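Chain naming follows the written order as A, B, C, D, E and F, and within any one chain the residues start at number 1.
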Amino acid sequence: DQLQIRDSLRMYNSLVERCFNDCVDTFKHKSLQKQEETCVRRCAEKFLKHSMRVGMRLRSLSWAEVTGIKIGQVRPSCVDIVEPAR
Amino acid sequence: DQLQIRDSLRMYNSLVERCFNDCVDTFKHKSLQKQEETCVRRCAEKFLKHSMRVGMRLRSLSWAEVTGIKIGQVRPSCVDIVEPAR
Amino acid sequence: DQLQIRDSLRMYNSLVERCFNDCVDTFKHKSLQKQEETCVRRCAEKFLKHSMRVGMRLRSLSWAEVTGIKIGQVRPSCVDIVEPAR
Amino acid sequence: MAANISPSAFDKEQIFGMAEKEMEYRVELFNKMTQTCFNKCVDNRYKESELNMGENSCIDRCVSKYWHVTNLIGQLLGSGKPPM
Amino acid sequence: MAANISPSAFDKEQIFGMAEKEMEYRVELFNKMTQTCFNKCVDNRYKESELNMGENSCIDRCVSKYWHVTNLIGQLLGSGKPPM
Amino acid sequence: MAANISPSAFDKEQIFGMAEKEMEYRVELFNKMTQTCFNKCVDNRYKESELNMGENSCIDRCVSKYWHVTNLIGQLLGSGKPPM
């Protein structure tokens, strides 16, 4: 759960960085201009929709295969061992 | 305090990466050339001055507003709860 | 040891990101094309060889000098203090 | 199947640490995939806030290909020796 | 106001963890802002080690705009549901 | 030389934390150096999987120069005050 919070905050920071970089390029003014704000809104919404789509597609692929490297083979037995101990 | 150390070290690594990328481009020699060294010094000094200015400006803006998302609303009450318990 | 695992996994993720970025540019197909696969294999092998060479060269340089900043001066005495306590 | 093995506290900690590292790895994989496919597929002029059909199909293929590359490199790294 | 609530050890740990995460988030925000505004405002040919007047005013405006974008996206994410 | 000092548990934890941070720093230094020198020295069209002679000598010089820059900036940061 705390990992999730940290990752949300990290994603939030990346989103700000990306949309700022893509949408803000002039520094004649101190405050965000109207078209910059529109751009940022669209950028954030588009990225979130994209992120949800990636998550959806990724879940439909087999995680087992993704982690089909050595470290991945440790995990299934972990679950076997740890679960009953609770 | 330890978080501070880690973040200083992370900033240090980023500074090296940035100034190396901006100042070093030829690999005919094994050691740093005079004009590369001058460039690196200026880069580092300029970045540190910049970093201090950003910190100064950022402190003058309201942190409360910056963290005006849900997670931010947990913090004030944290302080209320945790402080007297010490 | 666990730090090592984490860093391996981080390196693994960076390697995937790099080789994907350098080798895959068209999205007309759902699966990896033959020449993309060849490119990815070479990219990964080349990066690993490179990484080993960097490690080798870096070990031949004095670490003491690399960490010749304030924090580095704490470590030698740490070893003096901690080692006998074991 | 391994349910009657009683691991020591040390083992448990190790296993938990391992699982945590792997979770971190997966989150990072997801983040890198998301960033990369956004760069490759989505027009960054942001003329609208919806993903259009071309972008959507590009994203699906990008995720699929990124996953293949992850597997391919995993196989290269995993053959005989641990990753890296 | 909530001073007479006695939180369990578990709660304390959770709260401490939360505060730590938020601190991490702030440090990362500061680092990203610093890197981004340096890229946008500072000439990377490094002809001198001082920031000139143009760079200084660009930095101030960049910090201000970056902060606005942070708030704007925070509002988008925070409306009703937690960030993300 | 400091072998007969018996540090409290708190000190040990601090020292351990410090050592861990420094290890993290070194790993990050290695990773950044590796990424940077790969970008500067290796042809990213990947016509073959071997590093050629030109790439190898570039890598050696790149590591050496990167290390010099690390030292140089370390000196700038370390003069009188802690890094940053």
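We adopt the following convention: contacts are C-beta pairs under 8 Å (C-beta built on N, C-alpha and C of every residue); 3 or more make two chains touch, one makes a residue touch a chain.
Please read all numbers here as calculations on a predicted model, not as lab measurements.
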Select, from B-F and B-E, the pair of chains that is joined by more C-beta pairs in contact. B-E
Taking each chain's centre as the mean of its CA atoms, which one is farthest from the centre of subunit B? D
Chain pair equivalent in interface to C-D, over half of contacts matched, among C-F, B-E or B-F: B-F
Would you kindly tell me how far, in whole Å, the mean C-alpha position of subunit F lies from that of subunit D? 27
Interchain centroid distance [CA atoms averaged], subunit A/subunit D, Å: 11
Could you list which residues of subunit F touch at least two other chains? 18, 21-22, 24, 29, 41, 60, 64, 70, 74, 77, 82-83
The positions of subunit C in contact with two or more other chains are 5, 7-12, 23, 41, 45, 69, 71
Counting only contacts in the complex, subunit A reaches subunit E at residues 2, 5-17, 19-21, 23-25, 27-32, 36-37, 40-41, 44-45, 48
So in the complex, which bits of subunit F are touching subunit C? 1-3, 5-7, 12, 15-16, 18-24, 26-27, 29-31, 33-35, 37-38, 41-42, 44, 46-51, 55-56, 59-60, 63-64, 67, 70-71, 74-75, 77-78, 81-83
Please give the residue numbers of subunit F that touch subunit B in the complex, ascending. 14, 17-18, 21-22, 24-25, 28-29, 32, 36, 40-41, 57-58, 60-62, 64-66, 68-70, 72-74, 76-77, 82-84
Listed in rising order, the residues of subunit A that touch subunit D in the complex are 3, 7, 10-11, 14, 18, 22-23, 39, 41-43, 45-47, 49-51, 53-55, 57-58, 61, 63, 65-72, 74-75, 77-78, 80-85
